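Got a structure for you, questions after.
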Amino acid sequence: MSSMIETPVKAGGEAEATDLVHRTREFIRSEVLPVDDRFDGDVTRAGGDDLRRELQEGARRRGLLAPHAPVELGGLGLSMTQRARVFEEAGYSLFGAMAINAAAPDEGNTHLLAHVATPAQREQFAAPLVRGEVRSAFAMTEPAPGAGSDPSALATRATRVSGGWRIDGGKIFITGADGAGFFIIMARTSGDAGDRGGGTMFLAPAGTSGLRIGRHVPTMDRSMVGGHCEVAFDGLVVPDEAVLGEVDEGFRYAQVRLGPARMTHVMRWLGAALRAHEVAVEYAVTRRAFGAAIADSGLAQQLIADNEIDLAAARSLLDVACAALDAGSSAAQETSIAKTFGAEAIGRVVDRAMQLCGGMGVSADLPIARIAREVRPFRIYDGPSEVHRFAIAKRAAKAARARVGS
Amino acid sequence: MSSMIETPVKAGGEAEATDLVHRTREFIRSEVLPVDDRFDGDVTRAGGDDLRRELQEGARRRGLLAPHAPVELGGLGLSMTQRARVFEEAGYSLFGAMAINAAAPDEGNTHLLAHVATPAQREQFAAPLVRGEVRSAFAMTEPAPGAGSDPSALATRATRVSGGWRIDGGKIFITGADGAGFFIIMARTSGDAGDRGGGTMFLAPAGTSGLRIGRHVPTMDRSMVGGHCEVAFDGLVVPDEAVLGEVDEGFRYAQVRLGPARMTHVMRWLGAALRAHEVAVEYAVTRRAFGAAIADSGLAQQLIADNEIDLAAARSLLDVACAALDAGSSAAQETSIAKTFGAEAIGRVVDRAMQLCGGMGVSADLPIARIAREVRPFRIYDGPSEVHRFAIAKRAAKAARARVGS
Amino acid sequence: MSSMIETPVKAGGEAEATDLVHRTREFIRSEVLPVDDRFDGDVTRAGGDDLRRELQEGARRRGLLAPHAPVELGGLGLSMTQRARVFEEAGYSLFGAMAINAAAPDEGNTHLLAHVATPAQREQFAAPLVRGEVRSAFAMTEPAPGAGSDPSALATRATRVSGGWRIDGGKIFITGADGAGFFIIMARTSGDAGDRGGGTMFLAPAGTSGLRIGRHVPTMDRSMVGGHCEVAFDGLVVPDEAVLGEVDEGFRYAQVRLGPARMTHVMRWLGAALRAHEVAVEYAVTRRAFGAAIADSGLAQQLIADNEIDLAAARSLLDVACAALDAGSSAAQETSIAKTFGAEAIGRVVDRAMQLCGGMGVSADLPIARIAREVRPFRIYDGPSEVHRFAIAKRAAKAARARVGS
Amino acid sequence: MSSMIETPVKAGGEAEATDLVHRTREFIRSEVLPVDDRFDGDVTRAGGDDLRRELQEGARRRGLLAPHAPVELGGLGLSMTQRARVFEEAGYSLFGAMAINAAAPDEGNTHLLAHVATPAQREQFAAPLVRGEVRSAFAMTEPAPGAGSDPSALATRATRVSGGWRIDGGKIFITGADGAGFFIIMARTSGDAGDRGGGTMFLAPAGTSGLRIGRHVPTMDRSMVGGHCEVAFDGLVVPDEAVLGEVDEGFRYAQVRLGPARMTHVMRWLGAALRAHEVAVEYAVTRRAFGAAIADSGLAQQLIADNEIDLAAARSLLDVACAALDAGSSAAQETSIAKTFGAEAIGRVVDRAMQLCGGMGVSADLPIARIAREVRPFRIYDGPSEVHRFAIAKRAAKAARARVGS
């Protein structure tokens, strides 16, 4: 595994990081948010990849592109802690992460490639990705009974052929697949469905024979370019050089990717939740009912205060997890906790914001309903809350067993 | 006020009522649900009023039309208690209430007309409504700072003109307005915005000069024919015969309408929540993760059990309120409690159902996401939870003051 | 099994039942509550069995004793539905159920004996119990790893000896054991710990050789005469006539007892929660903060309204379960739901009441803190919420499996 | 105002601080916890002030006394951030904060005196307090309708007399009053009840004529030496030198005291909650039900995971607030959020721990029930959650008004 960015490359001092937060904020609110609002956060209606390229050009000009990517690949090299506030600012618009080229799954794929890819793979795949020339997809989730919240159920197979591997199987919910320039594909190279090892990651450019994009799964969200697609591998052959990292080490790399990727999701959606909250409180201070501003009624105060608390708690748990990741820990418990609490808190914040605005809250006249639509799936993807709670409890039980010596 | 149906007209014995539940169930599942599923609950795509007429023709043939309407008007004359289970069966499909002509706002308008209308008004407006020949709208809510969760802010004015009244003002969120055959309009005939009296209800056929349907407010739900519209009254003149009930008694009639209308909303959405729950548990017993059916994992059991509890509690509170209404009480506390708990419980049930199904839960491949979209606004309309809690607490405080003699 | 009270013996018409509610209320508030308040609900300090006898004498004189017991045994023969309101009135004081001889475990034991005992057993054990001459205990729960939330872990053994059975084992949390006149003992007559059958119930008078009352487990509650004790059986020999019902049928009888016993617990604690709520709202209407009565501040209104909702929902679920039990159903799902929701709602209500009263709420100057202390364990005994949720979910999954045919 | 500790005096590097955490942990678990367990956390039964002196002697020998107090006064001079982990370790035992002389109200009073007292006052009052020679009390809360959650209702009066002030009025819930060496008394020197200014703080040694300790309010907790008492001032005369800081500035000083005092409460109770959680998980990994360790059942996992999440979130919000306080901010929003979330999370954690342990959880055989009894009032004192939410929402509304320019 390449270790060149084991120690996060910092963007310089804190002053530069803070300045980057402010400049990102300014860019998002002046350039990106108006487009988001004009198209109700529907990226396809707003232009899809054309819009992406246009917004990223703006970010590039302002030096805001790919804040998470290593400097060698053309990014700004921010640590997890530093990117937290920048990504939150980006997330204030549903198109913001895309605009600074920090959207899922590209951002997580960049992180993964920076850690695992060979120099040639970095050149071929990571560098154009960081520059925004292509998008990417991460093909892991499968239709039942394959890999879902339980990754060990992985059913897609890669079998040895001369000079490479032949991949067969089907995937689902592959974000950004339609229009992606390349795919990172998780396939089983040993063992059987249910085994916790035996997975390998492969790189495959779009258009390779045997790789077919199927239908867009009609999910409730609409802000992701390229949708969430079914993808089929039918005799897809890739060369040995397409193996990402080591054979049979794919599940381990998935963890390398997923811990930080969960946190960057929290960062982005936290920005979206903050917007919903701010819009709602602004609504509540200007509208009146029963003789007073809505914001001054006790039951609205409950909603507002609970939002402030949830936002602060999600942010502080996120920072704890980021600090642990920056310190080189796997941070498994910290990221599970920050993801679970964060996804649920974000959902609650947006829901309360909607409630505060009454009928307008459920309409497209305010941005809250569309934010609700986008954040709901986050309690499911990157591991449903239930699976994270299961893992959190297992670790606590393991610690207790160590204490009692059983 | 007409008192002819003060005592609910019962549809006969309990056996007939139970039979009606079963026949409604059979009709909804065989005839209505397939259309709902084919069009993801989007009534416009599914045919709008054409679909409504077609489905209602099926209900009419089976003797299932307008179970709530008085027998004299062509309905089945069910009491509130009796209609609870019938409407819940109808609500199992998002198009079900429309199919049996028991959808909002027509059902509530029928109830109101049955209690308040003159024989001529009943003939002209109520009877065709019950027969499904026309739809109707109830024009009460106004854009800020007018009547919203605080009805006393009513700003639309009706002023005396020779032989009638001239109505000026604007409304918003008027469900079913586009295509409605007639409107019940709430306007201020005395006092000023903020006064708790002085409202009057008027009847006006669609197409009357000075009544204009504006844009559809783009709300998140899609199952209501005719949308939720802005409506403008610009010099709309109606004759004296258009007054519904007595002048200045409109706020009182609104309560006559709203108590039962809240309960029938709970009935219908309870059916939708039940469907989400049943679909989810069926999913959870057939899909596996971590070596067992999802339904057999402890954290899924929590979701399933909480849904069972919420459904049972919402249904039992509904029945308590219906029994009180059937007994002739205003049932203000009972309906506020049943509405508040019901709307929130329904939301929780659908959300947990979504969570149980993982990625499929947020897709249109299952009906849960669209049910979530439809039920969310119910925590806002018919009085937001916050306003009901305010009222519930006020009544409890009043009772406590009586006990302590202060 | 005796079937003489299979059909609940009703206390006459609804008028009599309502009158009984009112008379119970009057008795509790004038005679019982003052003692409760004087001793902070600590029954030992208040006199223990002496107090019990004195209060029961008052109830006897008023014709209020043992409303649940069959008329043939000297009770009032109320159905489950009828006793709901009577027991709630009794529960308004922590000593109220004891005062009308309807406290746990006597009330449940009476129910069990009425269904299962032989005429001789009824004469010897049930009749004096109903008359308040003795108390009783139900010895089922065992220290780990024995029978607890999982009754099948039953470890106490009964082995055949000449003319009877010899019982060996230990019990814990045996309510009322200290001072009880007799014990109903659950012991394993066949199979091994973990088997779902093989339990038998035995009757044994206090003072029988080999039956020893151990320490009072120091639980947080203080309103139960006789405490929650450890009980040891060390060569306790009982005759064949001591078998209650049939050998090896004990687990089935436990269900006969537990379903209704759970509901009567809900009834009683609902009364206690209602008192906490009423005291708190009375406090909140008389005390001021920030220029207004506490009850008129929005955040207090949230607490008050949520209490009203929880009380109403717990009561309505209770009534649904009682109606099912009165109709002869095992009502397993209904009683699990009513118990789980009821116990949790009661806890929430008392906690919110405490919060409403600020510092006074956590002091003995108001009755709320002691009510909190008494109701907390109810989320654990009669089956913890977690075990009920497990059972509720299993039944829902079973129904879903039937629907999908798997 | 003395500014000598405006900048927190640090105990040296982080290594020393970490070492202090470990040594505190070792001391608490080996010396203090056994006493706590032996007396069920009842400080009076355990010896009261005698116990306090004995435990503090142990802490003194180990160099653990008064970690929060300035070095000049004999303390260890920890910043808020540094004391967070030390106090959490101390809070692991209900007697732990007392043992290191960091219990309420002494710890908060030390903080206040360090900021506001004259050199003479520091010598006379603060130094002996830090050394553990005396305890102290903070006399602010009054019986209704005086100062409670609304401090501006302050009714106790101080009137000018020759060479000093005469104080008259009554206080309640004065923690530690019985046996305190001196009192800090809040009295009104100008304005009327309801005014937000006009309070002054006075210092008065115990035993001063006109200062009378009344009854102990019988609150549910039992771990505080000196109880929560009523205190009466009846012609209490104090000299000018007894004024703490400036006349009429008392409300401002109260804020100086309360922000950090809220945080140190969170720290201590967090330790208590952690103990409840750890005891419960240890119980759950060693006890079995339904064929598996309780900790491995899904519904127990929910409880365990939610505890882990709540503990982590409370801790992270606490750290955010401490960092803000250390940076010199008033940190009003941060401390309100950390206090509100912390107090509620701590309550939830202890409650879930209790639930996990079933019957043992509500008994004194485990420490959980007594921890529950101690932490419940924390949702009320230092400002009830409702009052903090009110303040949190007001600040959010103020910010929104600034954004929208209204």
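Going in written order, the chains are labelled A, B, C and D, and every chain counts its residues from 1.
Criterion: contacts are C-beta pairs under 8 Å (C-beta built on N, C-alpha and C of every residue); 3 or more make two chains touch, one makes a residue touch a chain.
Values in this document were obtained by computation on a predicted structure and should not be read as measured data.
Shared contact partners of subunit A and subunit C, listed by label, are B, D. The two sequence copies subunit B and subunit C touch through a face in which the numbers common to both exceed half of the numbers used overall. Taking A-D and B-D together, the pair of chains sharing more C-beta contacts is A-D. Work out the mean CA point of subunit A and of subunit D, and you get 41 Å between them. Taking each chain's centre as the mean of its C-alpha atoms, subunit B lies 52 Å from subunit D. The set of subunit A residues touching two or more other chains comprises 297-302, 389-390.
Chain contact topology: the protein chains form a complete graph, every chain touching every other one.
Across the complex, subunit B is touched by residues 40, 141, 144-145, 148-150, 153, 172-173, 194, 217-221, 228, 287-291, 297, 299-300, 303, 354-355, 358-359, 361-365, 369, 372-373, 376-377, 379-381, 384-387, 389-390 of subunit A. Against subunit B, the residues of subunit C that register as touching in their complex are 278, 281-282, 284-286, 293, 295-296, 298, 300-302, 304-309, 312-313, 316-317, 319-320, 333-334, 337, 340-341, 388-390, 392-397, 399-401, 403-404, 406. If you check the complex, the residues on subunit B that touch subunit D are 297-302.
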